[in-house]
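For clarity, chains are labelled A, B, C, D and E in written order, and residue numbers in each chain start from 1.
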Amino acid sequence: MTVPADSPIARDGKSIILAHDHGLEHGPGAFAGVEDRLDPSTVFDMATHDAVTAFAVQKGLAEQYYPSYDDQVNLLAKCNGSSSLWMGEPYSPQTWSVEYAAEMGADAIGYTVYPGTNTEPQMFEDFQEVQEEAREEGLPVAMWSYPRGQAIKEHRKPETIAYATRIGLELGADLVKVKYPRSGEAMEWAVDAAGNTNVVLSGGSKTSDYEFLSTVETAMDAGASGLAVGRNVWQRDDPTAILDALEKVVYEGQSAEDALEE
Amino acid sequence: MTVPADSPIARDGKSIILAHDHGLEHGPGAFAGVEDRLDPSTVFDMATHDAVTAFAVQKGLAEQYYPSYDDQVNLLAKCNGSSSLWMGEPYSPQTWSVEYAAEMGADAIGYTVYPGTNTEPQMFEDFQEVQEEAREEGLPVAMWSYPRGQAIKEHRKPETIAYATRIGLELGADLVKVKYPRSGEAMEWAVDAAGNTNVVLSGGSKTSDYEFLSTVETAMDAGASGLAVGRNVWQRDDPTAILDALEKVVYEGQSAEDALEE
Amino acid sequence: MTVPADSPIARDGKSIILAHDHGLEHGPGAFAGVEDRLDPSTVFDMATHDAVTAFAVQKGLAEQYYPSYDDQVNLLAKCNGSSSLWMGEPYSPQTWSVEYAAEMGADAIGYTVYPGTNTEPQMFEDFQEVQEEAREEGLPVAMWSYPRGQAIKEHRKPETIAYATRIGLELGADLVKVKYPRSGEAMEWAVDAAGNTNVVLSGGSKTSDYEFLSTVETAMDAGASGLAVGRNVWQRDDPTAILDALEKVVYEGQSAEDALEE
Amino acid sequence: MTVPADSPIARDGKSIILAHDHGLEHGPGAFAGVEDRLDPSTVFDMATHDAVTAFAVQKGLAEQYYPSYDDQVNLLAKCNGSSSLWMGEPYSPQTWSVEYAAEMGADAIGYTVYPGTNTEPQMFEDFQEVQEEAREEGLPVAMWSYPRGQAIKEHRKPETIAYATRIGLELGADLVKVKYPRSGEAMEWAVDAAGNTNVVLSGGSKTSDYEFLSTVETAMDAGASGLAVGRNVWQRDDPTAILDALEKVVYEGQSAEDALEE
Amino acid sequence: MTVPADSPIARDGKSIILAHDHGLEHGPGAFAGVEDRLDPSTVFDMATHDAVTAFAVQKGLAEQYYPSYDDQVNLLAKCNGSSSLWMGEPYSPQTWSVEYAAEMGADAIGYTVYPGTNTEPQMFEDFQEVQEEAREEGLPVAMWSYPRGQAIKEHRKPETIAYATRIGLELGADLVKVKYPRSGEAMEWAVDAAGNTNVVLSGGSKTSDYEFLSTVETAMDAGASGLAVGRNVWQRDDPTAILDALEKVVYEGQSAEDALEE
């Protein structure tokens, strides 16, 4: 099973996943300068943009706000997470059961895995269960695949990112989200290593419009199936403008320059 | 789901939760000077005060005394806890199953989480299960959200408290109880970070009437939905008087001064 | 639920629990001088004494001997235990399921908890499950509440014993067994802290008849509901004599002196 | 429940258990000099000897060979085990479920426990479940009771062996297998400490015919119910001869000398 | 149960298992020089070769590609695995449930065990469950038996490999895959120690055609039931040629020389 072209979370096989789990993962400090976005409905509003194929949130946000948006937004249930207050070995515990996510109307499941850490075995087992429960519910699975730990000196090294996407393929993800490996060639390797599994670029921290879009352009040219973006959308003054531009780069194959000029 | 205005544990969307788990959390030393309160029926009596929307106790107290008070008291089942004898990393193990609490007639579930500690992953997982079991029983969930651990140098820092309430929202709490972050402005941030989740002030250790009530007043002005109070009620000589005053500040919007003068 | 006056393990709300798990907890060395008592039927015989309201043993002894005594003896299934060979942090693993104990005809469940140790969280969770399983079977639960660990410098300190009984109440024990806190006043505090939960004195290691009985007398005067005794009965040459005397002190309110004179 | 006189694994209440789990516990080096015995059918053949009341093997040997011997051999399913490659704290993980063993036609369950080690709590819990599952299947349970760990300076000390048998009784074993405590008097203590639980001698490493048989004779005189023997049978050139002799010592009460002379 | 002559994963009792879990176990670096093989369909194509009796892959590869090959390829579901990014004690967590593998049409189950490591107890328990679940599904089980850890100074020592195969037999594997112990004599010992369990040679890292095939020839002469091979096939420029040659050596008993000459 891959994310089919007619999947609810893809458009012609491509996806723009708006992610908004930063309240948990980064804390309220991530909202500096855009304090009004602490109100999740402001970001749910962004997720109604046509360009967005899925909105990734934790259970609590889905419980409180998704019922008002369920006909405009596709829900990607982010089923694990941790706070940045925690100083231990990277590990992301389960925060939402697949069964309950399905019951709430989720269109897909998202799960973070940290290959290379001391918790890799536990996370592989966690992912095994979550992935198979998603299969039972008929839901596609997106893996946030972030190699870390003592063996990872440079976590955006081409081979590390290609390993990250391959792990997504091998363990049964339909879609794997990875950090940008710093070149189109490296991105191509990562896409090749993923086989039929879709690769989406992780949006990362906020950068300039052009820098951000041209990275997306390079990734798309390298075969990526889209991106999962958070701060580069919801931390912006004008989220609609950047989503308009992303729509052109991701679905219409425009260059970053063209997308911005229009 | 949030705590609705007509919830059994709220009055017009506001709550005064009387908490009495100090016998477990602090031990009999907490009853110094008010030794007669070792008899839980004396505190159950306080919980019959009109101002109190819910009474938070451990399983044993509920088993032994709640049957005599079930038509006068709304039960908030505090489902985890630990003793102060324990010197290990903060962790609060489950002491009461949601299913049994529901069977005993609980109106809501309460659960402590310590973000930032080494046990954060375990507590997030524990909370995940408890929260979803409460959903199955149709019960609202209150999180005692207390960041601790090596990364928390000052556990009442504004950002720490705002993170604490946000974690409540993200993980699916309907109501989140936090320590007072020392100013109304900081409390406002915490309330904003919680989105639709209700924020209640943690009463803390016993202070003077005025000091206590004016903190409550500030919190209410900042958007808090009430408070959860224990020692500031049951350690007092006249619990009724302070509950009368709290009723005015919380539900009627009176100032601390006015509430005390009457 | 408390141990009602008409409970099979109480007489007018008072209990003498004969305990015989020393083979596991202390080993065969505990039988020095009374080697014939290695045969459990000799101690089962003692448990048929009218004064004994319940006999606390491990699963194996119950399986092998209880069928011959089930109409004369009330079985208190001691469902956890450990050997004295073990040098680790105090922890008492489960050795008998509540369900099987109920099936074998147990009249009550007994479980040890060590508050204050590094295993407190685990033991609280273990107790939570055992207690609720006992509720399902309709069986009262006795907690052996023994604070230990790095924070407990003096494990018979009045506050420590009062904390021990309070933990029994808070966690849902019907009856809590504690060490003697060295004075009647301290025992009274412990009884008060337990609320409606019955407090029984732990018999401890063998002492003289008078010393033992006058401790029991003091405990009864302080409000205790009886005692759980092992070595002070089965290590004695004449167990019947001491049980006769205990009967007078516990149920008839006689003084130690009077009970011994007769 | 004890092993009744008419149990399939006893003859008049006495047992000779042939054990053959050395391939797992000791490795192929244990077959030095008797390499043909690497073929398990050679040892299954020995188990058809009339003297043998039960044959103790791991799951794999039972799966592959027992179907050809099931009308001649009583199967004692050894349900845990570990390799000698492992250097950690003694622990014997479960390798065979009781349910599957019963389904395969096992006549009894065998399980190793190491009291006194850091894994004692875990092993007591493992044994608890296994023992109760065996009860559900109606199967007797044999405990290999081997105290080890930092507190055990001399693991054949009389008190240690008596403690080992007592643990078997307390935890619900029908039969307990212990090392020889070096004298008949110590063996008698161990038998007394076991109450109604049968005690069988552990055969140990290979010794001379006379030495081996006279130990068995002493143990039988001390009240043992037989022995569990492995290497002293299957490592011998003539296993039939030693089984003939054992039969005389164990069931007919002959002396070692007489048994060998015939 | 052993792998019968008419098993889907054997031909006349012999097997060539093509393994392709290197994307997970070794990472994309293993594809250096054969980058087109990152596309799993290229290796699935190799698995359609007549010589291959089973194809061993992880869940994700099976989900994405097996449906297109299910009438040409026998699926051996490799149900655990780990990445080479991980630096901890060797341990291979479960990545695929037996139940789901069976549902997907798997013909056999494969599972790695590392005897001698600190995780041996956990892996034995994992294997116990997996093996019994496979029995319920009627599927044969192959153990990758790789002794490691502090006690294993030389992991291809004859006794270590014989121990590895014996562990496969004892724990219930139908087929055990081991490293080559460096001589035919040692291989014979390993085959003897395995009893009725089939022993297959682990192909190892890529070597010359002759070196590889003559090792296989020696192993077959020593009684091996075939081999499990990965890199020595899929890393080769001409996988068909080596599979043709392997077919002759394994099934037709040709020498390496003859097989290559033709």
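By definition in this document, a contact is a pair of C-beta atoms (placed from the backbone, for glycine too) under 8 Å apart; a residue touches a chain by one contact, two chains touch by 3 or more.
In UniProt terms the chains read A, B, C, D, E = fructose-bisphosphate aldolase.
Note that this is a predicted model, so its numbers are computed, not measured.
The mean-CA centres of subunit A and subunit B are about 36 angstrom from one another, to the nearest whole unit. Here the spacing of subunit B and subunit D, counted between their Cα centres, is 58 Å.
Taken together, the touching pairs link the chains into one ring where each has two partners. Starting at subunit D and stepping first to subunit E, the touching chains follow one another round the ring as D, E, A, B, C. Within the complex formed with subunit A, the residues of subunit E that make contact are 21, 23-24, 27-29, 31, 35, 38-40, 58-61, 63-65, 81-83, 85-88, 91-97, 100.
Chain contact summary for the complex, subunit D toward subunit C: residues 1-2, 115-118, 120-122, 124-125, 127-128, 131-132, 135, 147, 149-152, 159-160, 162-163, 166-173, 189, 192-193, 195-197.
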